[in-house]
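Below you'll find the structures, each written out as structure tokens.
Two complexes come next, and they have one chain in common, subunit A, joined by subunit B in the first and subunit C in the second.
Now for the complex of A and B:
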């Protein structure tokens, strides 16, 4: 193999020359230097006398510069400018045309992270999970058979789930330290529920809703509930009874709490104003005494009153008859009513009617009746 | 007495000038919240657990007393639908939607503290989680309910109620 500097038409090549036998037409060849075998044939022709019919299919491609790599042995082909018995010098180059945009492989950021770094600067806000930024060996997903869950690189499950990497305890403490200036203290005088009740009797309950969706509005947010204890309002006996009758179901007897729930207005403030208006109206109306209220019958009474009831009449009548049959001097009704036994009877009847029938009340009634009618217990 | 106590916080601040230029102090009395109840709903229990840790820590750091944290039982809604577009009634597919709840109850907040806490906690709500906030405000009895108004009004002749 002879190495020779070839200068043709202003181009200079260092070519390995080989005599190619001229057999009419020469083929396009490329020759691998190391192994010395020929994998194809190369033809040199002056450019103006190209006759394609007898050539290999490779040739026009080389001449038209579509082919610069030999398909037989993938070494690059270079065209020598002038024909003759000079070979094309081959040079081994990178196989194929390398794509323009190859990113070189960079090691992940985790390898350069110190153990005592400031994590709130890595994840200052809510962000997706980046496996190259989180130095934890996390695995997530359904494990393969007799294997482990998939690693964090390219793991969609880790990206989908909301992460709290931006809310680590030191980050929360930093945020709260900055927010503390905007908070005010609760007055220390109101440290128990009873004191709150005493100074601020009215409780107003409102609900806010936060959710993701096409709209931030929620129609349930306009409901306002007002709660007040009737013992805190300035009401007398008649007013309280009238208020309870007016309000009906909204009053709870056990806890003495009046609940007013308003949602008839479209805005929350309107509902609150309406609730206060209702409370005002109820209060003032209950202090009024209408003319028809004097027609209140026994069925309308909330609690049992013994005076002027049939129980009182019956008891007094019975006692009078007993006294008359014993021929005692006429005792007056007032004396009878003022006597001990009748008072006992009265208390037991009131207890029975108002509190209901219990062991205590029944035994009390029995005792009082026995004393009233002077009966001894049956043996 | 009580009005002075309520404004005590703001008055103390004006005596020691604050270096934070963003804080503005106003004279209007603050509304008081006896109880703030946060109900958080989500599909994933682990997310709610992390959120609970965050909310409780934030409340502690801001000086808010946490009354209790409890987890109401989850609610599963199941649907049984036809698997195929047309016919094949015997082959169905079942879906379910699980809603987990977490309730956080806070006591005794002023309106500015409540606003700060709620904004912080709501801005960091994870995606796919909803929240309901129940605020119980306490108020004095308004002046027009202190005394019945019939005593102060000039006496007017009672008109007959016309039915």
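Now for the complex of A and C:
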């Protein structure tokens, strides 16, 4: 099938058995090998036939890559050089890029592979992607214009990326079964996560790096991460608050986990020792109380404490004044503080300050204030 | 053990039946396609490695930068320049250690001229060096000067059990002899080294004389010397019995001098017996008994010699010996102890083929796969072994077993030889499994056998012998197409293959049977080009084909051709054409006209015979 550009505005596809006129650039011919005839013209194919689809897709693929065979209908493709007449059907001259010594086409060994072969023998170790050894019809890459992604033969994209063809699940099963002899039994007493945590509260994480190169060293291998839950450490309230203040960002409040990552020493062992040292120092320091800690102000507090706050003072004063205006006998501050309504008020204020403003806390505050000041609801 | 984990993981992996050997690149264009290619590729890889080693050795100054972290000392070049300068015994010792033959000889001469006494030990080690490396240098590039002497190509054949010529590069008045003569005192070691060197380089008579000198001096030889002498026996005497007698003499001397024989002694003895014909057969079993008595484990070389003695003769022996040998070989995994070990499997498989015993071959194969035994077969020997095994399989086994082995082993472990393909075709024929032939043809193309006349003839005759069902016939026609292309290619590399008569007949038949009349007619036209006549069968088939496709023109052309060739069957063909085809008027006239031609030619011949 001869594709010929007639004018600049569009393509016109013509199929002839006759000479191809010189048009100004290369034409492409698709020749069926068996009968020696060329594929028919575009008009012969019905609207939605597969072969017509081939024509539309064929051209860009042949432009972009030198294809020998139309990948859709497996007919042979031939590029006819521009300029000059060339009798398409009978000419056997190969112009242009025909090489001197053409190796006859060798079928890739995927055709001889059995369907139930042992894949771990084909890819026993990590290796680059070999298109002739992997019997999968993979395409990868940016699609050519109005076409499909390029096929796997000679596809650099597939070769560049790391592949895990050597670690398919059956292969991993085999490896595990073989390596079982090197392993000792898991201790039977540690059969749940909680027990593991209870006996071994500190988790150490290190990473080993392997790469193909002249050097086996990798500077990233010295990093050591320590993880411990604060609930496993013996801390009282003050110590815990002080520890959290000391470590700052390394503590995660949601999971109650302290993460210490050390990489300041050149060797992994040194970093591990340093991490353990850090943990010990933090623990001991948080138990000590310095003199200047008594100067802790309200801004340093982590949570709101109602005792000795202005809210308490205000509430008590207001109640005293109410009681004085009602001419009740002197009630003491302690009685007031111990009364039900004040306690309610206290709880609601604490909840509001500590947990933030939600529907719940706001309504609780409203109720408690109403009770405190003996206000009835608005009609 | 550092490698234990890797070894366990490696044990989970089996052989891949479609891949070539792991040393080759796994790419369809870079895999070897036949035995010659695989040998070439593996040798070129090895030669590349040797070239790299040579460059590193020659120019160590360019390879002093250490890239690897931590450093790998065995990959860095060694410092091979001698450190000690000056003329002294230490310098001589150093050069001997560094294997610099010429330098050590020069230094020794200098020392002798200066009058410094060189100790016996050093002289002995110098003699060792000279006898081991011959008279040339240990590095090959300095041997150019010496190669001019050895002009006959036959002398380059190495000492191997396949050929019987010894690498003879012993020259008269070489350095070793000279130094030996000027030595003020000699001990047993000196004599022994000289004897071993002479035997190694092919001067067996001199070695014998040297041995006589040793005996005269009342020295004792060591076991290696005796081994060398026994190896040299076939070159000292011609007749079988004399050879055996001489070997016995040496053995008696060993007993007298109290030298304990080892495995190599017995192997050398058996190797000598290989060339002793009938004497060998009777004596070798006694040798084996002696080995048992001395509690020496036989190696593969022992068995190789045994099998060669018994099974390579003209008359075949009963399989008793080989059964015992196999019994022992199956039990254990061997380590290399003798350079001749490598030939065992090939010889054994040859013996199995000669005895036509497939069970023995299976046992041998199992023994080969056991432990480390497969390491004894390198690329060449592997191919020879498997191709013999495959021939035996084709002869003796059922076709499905044969095909199973073929699919698993061919093109990955071994590359079939033309003989193997022939055997396979015959096996397919015997089992009436001819539909596999197109895939065999594909393999033939890949192996590069598509231009061999004998294979083509066999293939085509099998395909065209009988009529087959439709798809098979089409596949056969496609093969015929390929074969036609081989004969006609406008090759840049190769000239097109010449047509022969039978090939042409078969191709025409195959085309006719599928109804490709035009192609078949093209073939018919070629008959005249090569001056051959198509057979009756071909012409009948062609007519059938033409009838099926209603090409009466072709039929008439055929009759014309037959008439022009003056064939006796042209009359018959003509009448067939008239009867079976619907001819137009013009065609009928043409047909008539042909008849008159043939008549006239007949009358001419009649007149000639008068």
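In this section, the second predicted complex is superposed on the first by the 198 of 379 C-alpha atoms of A that agree within 3 Å, B and C clash if a C-alpha of one lies under 4 Å from a C-alpha of the other, contacts with A are read in each partner's own complex, and residues count from 1 in each chain.
Following the convention adopted for this analysis, a contact is a pair of C-beta atoms (placed from the backbone, for glycine too) under 8 Å apart; a residue touches a chain by one contact, two chains touch by 3 or more.
Keep in mind the model is a prediction, meaning the values are calculated, not measured.
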| item | value |
| --- | --- |
| First (subunit B), second (subunit C), both or neither touched by A:108 | second |
| Greater residue coverage of subunit A in the superposed arrangement, subunit B or subunit C | B |
| Which of subunit B and subunit C A:181 touches, first, second, both or neither | both |
| Which of subunit B and subunit C A:216 touches, first, second, both or neither | second |
| First (subunit B), second (subunit C), both or neither touched by A:356 | neither |
| Which superposed partner A:122 touches (first subunit B, second subunit C, both, neither) | second |
| Subunit B versus subunit C as contact partner of A:204, first or second or both or neither | first |
| Touching partner for A:137 - first (subunit B), second (subunit C), both, neither | neither |
| Residues of subunit A at both interfaces, subunit B in one complex, subunit C in the other | 175, 177, 179, 181-182 |
| In the complex with subunit A, residue positions of subunit B that touch it | 2, 5-6, 8-10, 18, 20, 22-23, 30, 32, 34, 44, 46-47, 50-51, 54, 57-58, 61-63, 108-110, 112-113, 116-118, 120, 122, 124-142, 144-150, 158, 161 |
| Subunit C residues touching subunit A - in the complex, by the definition given at the top | 4-5, 8-19, 26-29, 31, 33, 67-70, 407, 411, 442, 445-446, 490, 492-493 |
| List of subunit A residues in touch with subunit B within their complex | 126, 161-162, 164, 167, 169, 172-173, 175-177, 179-191, 193, 196, 199-212, 228, 232-234, 239, 276, 279-280, 283-284, 287-288, 290-292 |
| List of subunit A residues in touch with subunit C within their complex | 92, 100-104, 106-109, 112-114, 117-118, 120-122, 124, 130, 132-133, 171, 174-175, 177-179, 181-182, 214-217 |
